[in-house]
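Chain IDs A, B, C and D follow the sequence of writing; residue 1 opens each chain.
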Amino acid sequence: MADMASLLEKPRLDRDTLAMRAALEMPDGAVVNLGIGIPTLVSQYVPEGRQLLYHSESGVLGYGPMADPGQEDMDLINAGGQFLKWVPGMAFFHSADAFAMMRGGHVDISVLGALQVSEKGDLANWMLPERGIGNIGGAMDLAAGAKRIIVTMEHVDKKGHPKVVRECSYPLTVRGRVSLVVTDIAVLAMTPQGLLLKEVAPGWTADEVQALTEPRLLVAPDLHEITL
Amino acid sequence: MADMASLLEKPRLDRDTLAMRAALEMPDGAVVNLGIGIPTLVSQYVPEGRQLLYHSESGVLGYGPMADPGQEDMDLINAGGQFLKWVPGMAFFHSADAFAMMRGGHVDISVLGALQVSEKGDLANWMLPERGIGNIGGAMDLAAGAKRIIVTMEHVDKKGHPKVVRECSYPLTVRGRVSLVVTDIAVLAMTPQGLLLKEVAPGWTADEVQALTEPRLLVAPDLHEITL
Amino acid sequence: MPLDKVVPDFRQAVADVFDGASIFVDGFGGPGGMAQFLLLTLWERGVKGLTLISNTAGIGMTAGFGVPGGRAYIDHSILIENGRVKKIIASFPVAGNPSRVTPFERAFRQGKIELEVVPQGTLAERIRAGGAGIGAFYTPTGAGTLVAQGKETRAINGREHVLEYALTADFAFVRAARADRAGNLVYKGSSRNFNAVMATAARVTIVEADEIVEVGGLDPECIITPCIYVDRVVPRPKDDTPVLAETYYARVGARAKP
Amino acid sequence: MPLDKVVPDFRQAVADVFDGASIFVDGFGGPGGMAQFLLLTLWERGVKGLTLISNTAGIGMTAGFGVPGGRAYIDHSILIENGRVKKIIASFPVAGNPSRVTPFERAFRQGKIELEVVPQGTLAERIRAGGAGIGAFYTPTGAGTLVAQGKETRAINGREHVLEYALTADFAFVRAARADRAGNLVYKGSSRNFNAVMATAARVTIVEADEIVEVGGLDPECIITPCIYVDRVVPRPKDDTPVLAETYYARVGARAKP
């Protein structure tokens, strides 16, 4: 068993590399909603030649890059309050329609951050109990409605506690809908048998990932290092 | 008691005069939806100086007169399939929104035709049992949702049977929501005490109207002839 | 180019419509907003056992609803009178005038077709719910009437409401005034009606567009159906002779009069 | 001219907002789409005991959400920090960053204000239902989580759904990019969001419009909020100095710092 303290010091993927790995999951033509934080970075790393259609619960479909400095328009933001560029092919809609799209299953992939993910695919991402108040925002609708939920997050929290857990202790966002977890040390797929460790960050072993993970992981026969 | 056979021969208001009387009920600024048939005629007789906002469940608000011959556009119809004129200030919307407006109480007055109206304000207007099949169309939503329901109809059916009844024997459109009935011989208001006869067609008496009406009518102290 | 949804012809557009499929068909009643070329092509393909969900059960072809005098266009009737339709869900199934007996009414009286009559607003709302992932809803419409029979009810704010379930379909046949190549749509006037709702609630939404423009050719503030809902866009020919009723009658007359 | 809904000034527009009223307030989070002049005027009037229903509980003024660097606009916070608000219904009540403590969060921790947190889509849908006369609906969102506690649930198509009730308010404060004199509205970009939903569900809908045109000046195909939903339209001044946070702070600083 690996030594915890040294494991926590071991280099992990940075946020951009993590986003790059998540970006590989986006099939050509997919309708994608990117949550606040690491998920937002994903759009920067989508492999060339793949065209995605971006949905934002602020009421925008088909948006492109962020606005150039000095060109920010308060009337064109994404769900994180960042400014989007005016590009051809966008469509705007109100909030009831924006969420109808999610809940109705019209968004193919939702990429979300997480505080905890359980081995059953439960997700907790809206409230740190110690804060005692939290922002649900659009996370519950995305998590309930998108066809595929990908979580991107650091593998452990700031105190070194595993964020991949047997049971979420934080308030839930959704039950049983996460299908892939991309962290800074591993890629985990939800399977009927349990969480399957498919990839590890360069230099990491299955045992080391397991040491920072609460539930027992299945290890893929073709376990390999994350490549981009 | 008046003699039935002769009463049925007695002159009554024509459809246009009936529509004129109903038109007096439209307050300035009201949002109005006019059903197929006599109700549609109402818009032609709104007193000058009153501006109404017309709603059609075909997805049009703020429409004006019918299209001129030769100018008909299949993409601009009312709920009866008649062609509307393109006028400034219209707004278009889809069917879910068109009915949200009705059901949500945003239409002030719905004018509907009827097969039967009961003394409790029940309305039957979508199926003649002898036909065995009928068109509900938008009638149930209008009848359920508009703030005020005015019925315009002939006082008796083609066989001379009263259409103002104690209990509707035809399939219902809505229960207890009719507030005024304008017929070709009388104006009847729904009150907590029962149906109140307020006006009679020129030459008609309260007894004569009662003879062609199934439930017992209350007679207004200031009963008078319909004036336009 | 997965974000280009234009398919060149109607045959390809409806190639995967299968026996027993459910199809949303728009058209308030008349030809406006109705995807007649899709209907015609489906009739040519001979698919059967269909469930059609639509405001009417095809009244325009017989009763002349919403069409200026002298013209008549095909509608659902061409599928019904050829025995391709098992069931209709509609709010205005028959002609207003009982003397105008439509192919649907004839089939219904012969016991050859099922009918579910739904109030128009409840029909629109059930389809919207289907597209919006709402499982069911309580509406005051129809409370205390035939349409509430066998349904759950609940008093909300002192008023009786009826529980109605979401409605989805395998396909939607939508007619748009303009589409861009990605499938963003705008309609014209009252022809928007059920089209914009049905587009959201089908597994496969197929659009017959009077005009197709490049992406960016539609004002983003005015797009009524965002492309997220659209699977295929087919250009509708300018010449509507093939979908005139007289053309159809000439064709079936030459084969077997219904 | 009952179809002319323009009122000349903000004071007149909010004159009937009463103590204890519920108010829909738009603004996704930042200043875009937020009716700041209506909020400012309401603060000046001193009405209290309000319930605000909004996506956030006022985060933009403190946390700089959705505003280019260096600027800050007033928001709900000016009502909250002056004790005018009894309850907030919101989906994103506090700043994302816990170090940015908003007036709402401060009041909440002091037990001075009630909070109902609603998932954003459920909030939008409950308001839509309120405007559309739908009493309640079943949504899969929130099933099995805290937000479902104490609520009825039902399995629909094998999936757990939560029963959510319609939400209406006494007033809606809406910000439109353009209005015609009858109250037809269009918005700009992402600022449409809750505005177009809230406009439908209030007893009185008051619009702060960046521009007002004559009836007929808006494309009927592009009207997002038909005038049926609108009660009053007030022109928003071009100069937004009065609603900048710094102007407000200068004013309250001169009287009593919150």
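We take it that a residue touches a chain if its C-beta (ideal position, glycine included) is under 8 Å from a C-beta of that chain, and two chains touch if they have at least 3 such contacts.
Bear in mind the structure is a predicted one, so any value in this text is a computation, not a measurement.
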item	value
Relative to subunit B, chain with the most remote C-alpha centre	A
Comparison of A-D and B-D (more C-beta pairs in contact)	A-D
Subunit A and subunit C: spacing of chain centres that average the CA atoms, whole Å	38
Subunit A and subunit D, separation of their C-alpha mean positions in angstrom	29
Centre-of-Cα separation between subunit D and subunit C, whole angstrom	37
Multi-partner residues of subunit C (each touching 2 or more other chains)	125, 128, 132-134, 139-140, 187-189, 220-221, 224
Multi-partner residues of subunit B (each touching 2 or more other chains)	92-93, 96, 99-100, 102-103, 144-145
Chain-level touch network, classified as line, ring, star, complete or other	other
Full enumeration of touching chain pairs	A-C, A-D, B-C, B-D, C-D
Touch list for subunit B against partner subunit C, complex	36, 56-60, 72-79, 81, 83-84, 86, 92-96, 98-100, 102-103, 128, 131-141, 144-145, 171-175
Of all residues in subunit D, those that touch subunit A in their complex	28-33, 55, 65-68, 91-94, 96, 98, 105, 108-109, 115, 117-125, 127-128, 139-147, 177, 187-197, 224
Touch list for subunit D against partner subunit B, complex	1-3, 128, 130-134, 180, 182, 184, 200-201, 215-216, 220-221, 223, 226-229
List of subunit D residues in touch with subunit C within their complex	125, 129, 132-140, 154, 156-157, 159, 161, 165-166, 186-189, 219, 221-222, 224
List of subunit B residues in touch with subunit D within their complex	28-29, 31, 51, 53, 55, 61-62, 88-93, 96, 99-107, 144-145
